[in-house]
Amino acid sequence: MRAMDALKSTNRGAMALLAVFLCMAAFPSLIAPYGPSERSMPYQAPGPEHILGTTNMGNDILSELIYGARISLLVGFASALLATGIGLAVGLTAGYFRGALDEVLMAFTDVVLIIPKIPLIIILAAFLRPGVGILILVLGALSWESIARVVRSKTLQVRETGFVMSARCMGFPPLRIMASDIVPNIIHVVLPKFMLATAAAMISEASLSFLGLGDPSMESWGAMVSSAFTKGGFIREMWWWYLPPGICITLCVLSVAAIGFAFEAGEGTTVRVE
Amino acid sequence: MSLSADRLTRAYRNGFLPGSRRTVFRDLSLTIRPGETFGLMGNSGAGKSTLGRVIAGLEPPTAGRVCFHGRDTALMNRSEYRAFRRSVQVMFQDPSAAFNPKKTIGTSYMEVLDLIGTPRAAQEAVIAGILESVGLSGELLGRYPHQISGGQSQRLALGRILLLDPEYIVLDEPTSALDVSVQAQILHLLKELQSERGIGYLFISHDEAVVRFMASRVGRIEDGRLVIEGEA
Amino acid sequence: MNPVLEIDALSVTFCGKQAVHAVDRVSFSLGGGEILALVGETGCGKSVIAHAIMGLLPGEAQVSGRIVFKGRDLLALSERERSAMRGKDCAIVFQDPSRALNPVHRIGRQIAEPVLIHGAGSREEAHRRAAALLERMGLSPPGNYLPLYPCQSSGGMNQRFLIAASTILDPSLVIADEPTKGLDPGRVREVEDELVRLTGGGRTALLLITHDLAVARRIADRIAVMYAGEIVELAENDAFFDRPSHPYSRGLLQSLPEHGFVPIPGSSPSPVSPPPGCRFQARCRDGKAVCGGQHPDLVSAADGRMVRCWQCR
């Protein structure tokens, strides 16, 4: 019982933290003290006017931090949504129809599993203009395999239960059975995977931005760290420039992951009297 | 008008090598006539449930055919097959898995009526009528599957099948998971419904006493073969 | 002779959104070498009693009364003391051996495990005892069975292995919760023989929980019938099956195959709000006015049995 209580308070803490980041992403103009194009003296140390100091261009670091939340959360959730969508479709189809279709889909899944995400983006960046859209597309299109496998195995299970077989017997169309009978009963394993995919995508985005492959027009947290290093923040020991974005990445990913784990662990228990 | 199996064989592949097939049963033939019960016995794992599923069209046979009203189901066109699908239903053993746990009983009932095209206005009356036939009250419609007992669940499952007005029902161990007193209730209900509506049953059970109580003709599956006895 | 187990006014209530009264003031005793069958429908509370004795109830269960095992009130003990007793002094065998046995360990190891856990012997000693136990069960040579995995033997055999694992430390009390459910008739007999063999020595007491009256008929010394959380009849085996007293007991026997599957109309009352008066009254053919008004107590009848019924006095 103590473990369950600890879990609940962790979950509440994580949700509160995520809520903070979501606010930062949704209403940056309300929270940030300065706009993204306002400039003052560059390379300032933290002070009463700029709580976290300024960058080499004179932008307020705290405001950049707040505006940066958008990219991380957008790329994170959007690519996870894409991955979950593809994973659900592939897994459901393979698990429900079985047979040859199943074999083909699973072989395809195995192939996708092998493709490495980050090198692929690096190569794509050489040919296309890097941007948020490409990022979301590539990250999403390469992260669906484990979701597909989990969905397939649960579908295989649920498919054999009495009510699904009855539905097949009564002549409900397959798509209807999948949407109405199978998905609601497997969603509890998909949700945690969605959250964890979000966390992974956020880390990937941060890494790519750090490498300079992210969207150059939007200063995400990873890009901030990158700027701090390349534009003289490291040499000037301006820890207030490169540490806060790093901490934000860590905290944001942790909160999303913690919620994901909490979904995994929390299955409602109902008392059955035998 | 009958439902019959003609030299049915069902085998599973157990790997890619030829010859590694597991044959569940072979060359089975039986006929269920309208309004009568054919009892199927055998030990667990003998293939009774598989035979039930093949006859109901849930699994394809490896060889042989299932005939409904004299027509081979594999050769039926779309509308004929749909009629077959409606007319042959299956009731399963596990009462706790008979309904989608995320939907109320009422929702599960209404979606069947939507499927067969019953207008919304008429649905309430139809459902009330069916509930009366299975001896239950309407207040169960608002409940979720985990809130009803095993006996109630089997009755409701039966009721849902009756919405389709089937000609045949394959009953796969319908009372094996129920208490002895509840079993007696369900068996009597099944008999009542059969005499009222003329439904043919394929009654599958490992419990010989139950099968002999319900069936007029009895068969036993052993080592993949079916042995049909005379009148029980 | 002192009874091994004495249950005194045991009540169990589950506190959730609504209070579920699963067990209501149940009392009975069990002596060494005796088999008491607790029969009743699903939901009557018999499994809850088993879990209460073993201390396996969930946190939201409120328990009152006394469970006296070999002179000690189990409800007054700490969890650590109770867990030291589980497996050693009192053991429980659950239904569905395919769930209770670990599929990745060999049978031999699983049967020997309780010995190791309770520190009652070394590894060689534990395996020796497991082999000796299988020999006594008639499974010889034990070398044929010890290295098997659960998936390699049948449900009936697995149930016997489970009984062996639960009883290797010679517990004084064994609770078998629906041990024959889902088994083929031949396997049921094997499990029955095993259970009878357990109590043969006169020391071990067996509380058999089942809804299968046929099994109870064949092996139990006494029968206790439960309905809606209460014991409604408690009698010796022969006396019960020859002349059942309580209307529910009679109804149960009527619904057996040999009596034509005659059903009892209606269904059991909800454990959330039990009706006033006799709980079986709504389904009873012989009900009179007093049955609806006053709740009958469990009283002794002339032939020594206990019955809870206004009509059976």
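Letters A, B and C mark the chains in the order given here, with residues in each chain numbered from 1 onward.
FYI, a contact is a pair of C-beta atoms (placed from the backbone, for glycine too) under 8 Å apart; a residue touches a chain by one contact, two chains touch by 3 or more.
Just so it is clear, the structure is predicted and the values come from calculations on it, not from any experiment.
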{"item": "Partner chains shared by chain A and chain C (touch criterion as defined above)", "value": "B"}
{"item": "Most distant chain from chain B, judged by the mean position of its C-alpha atoms", "value": "A"}
{"item": "Chain A and chain C, separation of their C-alpha mean positions in angstrom", "value": "51"}
{"item": "Distance from chain C to chain B - Cα centre to Cα centre, in angstrom", "value": "34"}
{"item": "Length of the line joining the C-alpha centres of chain A and chain B, rounded to whole Å", "value": "46"}
{"item": "Sequence positions of chain C contacting 2 or more other chains", "value": "42-43"}
{"item": "Residues of chain C touching chain B in the complex", "value": "41-43, 155, 182, 184-185, 211-213, 251-252, 254-258, 260-265, 267-268"}
{"item": "Chain B - residues contacting chain A, complex", "value": "53, 56-58, 82, 85-86, 88-90, 92-94, 97-102, 108, 111-112, 115, 146, 157, 160-161, 164"}
{"item": "Partner chain B, residues of chain A touching it in the complex", "value": "161-163, 165-166, 168-172, 180-181, 184-185, 270, 272"}
{"item": "In the complex with chain C, residue positions of chain B that touch it", "value": "43-44, 149-152, 176, 179-185, 187-188, 206-210, 213"}
